[in-house]
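Here come two complexes built around subunit A, the first alongside subunit B, the second alongside subunit C.
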Partner chain A sequence: MKLFNENIDKSKNNIKELKKPEFLTCQECDKEILKELVHSNLSTCVYCGYLFRVPAKKRIEMIADENTFVEIGKGKASTDPLQFPEYDEKLKKAKKATGLKEAIVCGTCKIGGYNTGLAVMDSYFMMGSMGQMVGEKITDLAEVCLEKQLPLIIFCASGGARMQEGIVSLLQMSRTTVAINKLNDAGLLYVTVLTNPTTGGVTASFAMQGDIILAEPKALIGFAGPRVIKQTVKDDLPEEFQTAEYLLEKGMIDKIVERKDLRNSLAHILSLH
Partner chain B sequence: MQAYISKDDTYNDVSSAWKNVQTARMQNRPQAMDYINALCQDFFEVKGDRCLGDDNAIITGVGRINGRTFTIIGQQKGHSIDEKKACNFGMPNPAGYRKSMRAIRQAEKFNRPILCLIDTPGAFCGIEAEAKGQGTVIAEHLQLIASVKVPVIAVILSEGGSGGALALALSDKLLLLENSYFSVISPEGCASILFKDSNKAHLAAESLCLTPKDLKKFGIADDIIREKKDYSRDNVTYAVYKLEKKVEEYLKELDKYTGDELVAKRYDKLLNMKGFN
Partner chain C sequence: MNSVLIANRGEIAVRIIRTCKKLGLNTIAIFSEADKDAYYTKIADHAVCIGPAKAEKSYLNIDGIIAVAKVYDVSAIHPGIGFLSENSNFQRACEKAGIIFIGPDAKSMDLLGDKAKARQLMIDNNIPVPQGSDGEINDYKEAKALADKIGYPVIIKASHGGGGGGIRIVHEKEKFKSEFMLVKKEAKAAFGSDSVYIEQYLTKTRHIEVQILADGHDNVLHFGTRECSMQRKNQKLVEEAPAPFIPDEIRHDMQMCAVKIAKIAGYKNAGTVEFLLTDDNKFYFMEMNTRIQVEHPVTEAVYGIDLIKCQLQVALNHKFALTQNDINANGHAIECRINAENPEKNFAPSPGKIKSMQLPGGFGVRVDSGYICKDKISPFYDSMVLKVICHGQDRDEAIMSSYQALSELDIQGIDINSDFAQAILMHKDFKNGNVHTKWIETILCAEIFD
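This part shows the complex of A and B:
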């Protein structure tokens, strides 16, 4: 006698399939942690405090006053100006993985009650690389800040210029510089927060042009990548080379701020300007 | 040494971009000092950044071109092996960019147009360079050259290597020598990272759209200077003559504006530069 009817129509099964939980591995302590748990804990390792990279939308939640963020340029996406091989596939992947159209989210919001422009780069989108649209979203936001007389805060997280957009990516270094210059001429405050990693053409342009430059602890910040430098000098790199702490010692940044204190720090700076 | 020159405007040789890069890297190609010596009889070199030291990879000075005094900022790679070592193979350190910023400020003080002669594989990637703020200094250099109230004409002589070249390329007018290139990354670097095979550098060069014709098509370059066949230090005068004429023509146009108007136009030009056709 059969105990179970094996011919039950499984398509009528109403039990929803549970989404497979995603785990992240901490680079510091090697422990595996539930991704949702990490990102609900300020994107920090619950065991050792290692700072994971923060998705742009999560960062905005951490920094902006609740319900005040109004996004600008949400639909802007790369036009693949060079028709670079395999670039469209990489873009599709990045869009699917992040839910974003580009490696930066821009808008206006309040922080501690102060109105400001806020741009947050997302290193999960093609390593936060800067192409035509990242540059354009920044210049558009700077234009809004100029019109509305707002300060501008940019959270930087980038592997540098986006290779697949070639010279068009490099051009964004000039364009963002001009946008920042216009804010300077208008006497508007510009603050950058350097997060892990901030490198290449982003470092050599708008990231290091802040009136005030903050950084997260141990963030990798530099112009050339550490591997390239090691290959060039054919020697070991100094301890803590290209970390936020190293840059502070060399006089390149103003302050290292713990992730949990960034909101208050920014509110404080805004209150002083 | 056979230099590669274009025959007409419609050729579409698949490996043309790679030939471009190889020609730009040829040993006997004229460098900044060759142009400076051909352009001015009375060039006075101005050295040191008043902070960290000096850098032979960037030459700054004052000289007259057709009777008009210019600030000239050039990137030099060196010809002999000793020169190359002294110039760090044309890879500037922060001191070089700081020296260049000194020159830019002086150009504004004395109301002199600036001529930038660009030729670098890239800014130097060394430990000291990072420690002295290579990223910061390029960022600041971009800000300064963008806002200077005198005409800025930039010429890419051979290698336009990424940010290290861009610092001097932000200008009112950008010209490229016919066999120069301007790229966000070297073809070898691109091939190694994106194609996982540095032997595919010729394909990367093609994909990167780094030739003068590409840059003109994108609206990034204003003009291309033709080169003589077998272009070298020994026959630099043809290209120099062409360059002189172009500079004169551009200055006629740019001289019509006040300092503030020039800056406003420069900002508009860059903000409206979408970079695709």
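This part shows the complex of A and C:
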């Protein structure tokens, strides 16, 4: 006599063809880890704690209160202003890899119950390079914050200005700086979180304008690359040059915050404001 | 149900994978670095390294396990034993991810997993419990007053404890305060909550448990009793089914009580209700484990069922086709847990590489092992190597079969406790049922080692 009349019918099993799982290699300990496992662990190596770069959407999940993020300017994408060769292909590839139209996601949300503007750069999209639309999205968000009297938090992650958009990219440095200045004039709080890497034109503009500048541990933060600097100064550079720890020591940033503590730290800052 | 992720390791992972594979299900195993070459990773269809050896970064990493499950498009997760098997947050995470959790729902897990709340539920439903607190009691003065009233010894237990942890027995009132505070501190560290409750400590009791299975359609069946009194430091060493030397009426009452408890709690899937039985045959509810148990094979042997398969079917909402009257026990079964430890050196753990392994066999002999030859027993997890389960037409035959099987068992490279298990089997007290949960520690160890 069978305990159940029904069977687990093997013929009904429909084992789908799985996509080959993607693995990431930790740059610190060299171990290979399933990509989704990394990102389920705050994009941190489960073995040594190395901080992988965080996709923008993942970062928003980590930081914003659940179901509060409202995106602004979702459809904005580069218009290839200089008709740069092969730029179109690179953009298609970046969009496919990230599911984004540009290297930044902007919107409003709550953090710890407090309303704020939030922009998160995505270094998986063409190394987070700043082109026309990245600048435009930041400017648009700053204007929304001005209108609604909201603080603004920007997570920076960039290789600098986007080469393929030339002078148009460089223009974004002044454009974003002006937008942030307007927030400052209005007495609105502006916080930046510098993540690995934050370099080039982004560092030379809005990233270092924060009223409070936080950074993730061991983040590479700089303007020019170390090789160029070394050639210019004709001297060796300190071992920890251009790390968050070095910048903290030199007074360029306010605090280094562990990734797992960022949400609470930002909520606390917003509460004080 | 296409594929099952086994959120566990070792012997139980092998067990679950075997049943899943025979049913044509795809199996996904997770392993920590310490289990890189473990046998169960080789028999699963896919195996994924989930993290470092430390359990909280691997086998207890809920987000990581769910992430892996999604990558492999898993339909269901079996949580096994220990680790996340009684963690309602894990159950909820599975549900949120659209993955079937092979076990009870979070609500009944929370209710029964909080031992203090479970105790209160039993009191409210006239299920016998030892004298003690109504649910949790966290104020020291209140607890002391109650302990003084009950009379010593009393037992202080962590509300969220399990696996034999978070328990202190207090024999003298002068020691109550320090022990009370210690249990709270240990409970907080081990289980995340310092909630405790207290009970009269009943001495010389037997640990008798009842296997239940609920199909989620208001049907609950029991699969008899198990005797689990052969314990050392609250860890079971030898178990048997059915529990011997219990008057039929008491056995029946315990079994019916277990079914009642499952129904009150709205329970679904496999579970075990644990009772204490005194030497004058009074039984008291101890706790209910909301998962499959290590010793489930003795019940399988006696009732001729695959309990893991039953769990999968219940998870698929299959309904029982049988009633309690259709369920019949046959014979007797004994399980001996073989651990990598040296009883002669105060049961010191013996991790290391298995150089050779000779396993017993024959009619009615089953070996469930998490390891094969050349595998390493790591120091990171429990020391159980394998279980030897022997079925006989009656208890005497099961005892002799177990003894013989352990004589054939030979593992080189690590120390094992098979001789000690044989000493239990051959002792007159074990044969005659003159045992209790402290018998090994107070009688057998004193005889063998002093």
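Assume the second predicted complex is superposed on the first by the 251 of 273 C-alpha atoms of A that agree within 3 Å, B and C clash if a C-alpha of one lies under 4 Å from a C-alpha of the other, contacts with A are read in each partner's own complex, and residues count from 1 in each chain.
Simple rule for what comes next: a residue touches a chain if its C-beta (ideal position, glycine included) is under 8 Å from a C-beta of that chain, and two chains touch if they have at least 3 such contacts.
Remember, predicted model here, so these are calculated numbers, not experimental data.
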*Considering only the touch criterion stated at the top, classify A:125 as touching first (subunit B), second (subunit C), both, or neither.*
neither
*Can A:203 be said to touch subunit B (first), subunit C (second), both, or neither?*
first
_So in the superposed three-chain picture, is A:177 touching just subunit B, just subunit C, both, or none of them (first/second/both/neither)?_
first
*Does subunit B (first) or subunit C (second) touch A:241, or do both, or does neither?*
first
*asked:* Under the stated touch criterion, which partner chain does A:190 make contact with: subunit B (first), subunit C (second), both, or neither?
replied: neither
_Contacts for A:46 in the overlay, against subunit B (first) and subunit C (second): which applies, first, second, both or neither?_
second
*If you count the residues of subunit A that each partner touches, which comes out higher, subunit B or subunit C?*
B
*Residue ranges of subunit A in contact with subunit B within the complex*: 79, 81-82, 84-86, 132, 139, 161, 163-171, 173-175, 177-182, 184, 200-201, 203-209, 222-224, 228-229, 232-233, 235, 237-238, 241-242, 250-252
*asked:* Under the stated contact criterion, what part of subunit B meets subunit A in this complex?
replied: 123-127, 129-136, 138-140, 142-143, 146-147, 162-163, 166-167, 170, 182-185, 190, 193-194, 207-210, 214-215, 218, 220, 266-267, 270-271, 273-276
*Touching residues (chain side subunit A, partner subunit C) in the complex*: 1-6, 8, 10, 13-16, 18, 21, 33-34, 36-37, 39-41, 46-47
_Partner subunit A, residues of subunit C touching it in the complex_ = 1-3, 23-26, 33, 48-52, 57-58, 61, 63-64, 66-68, 70-73, 305, 309-310, 312-313, 316, 318-322, 326
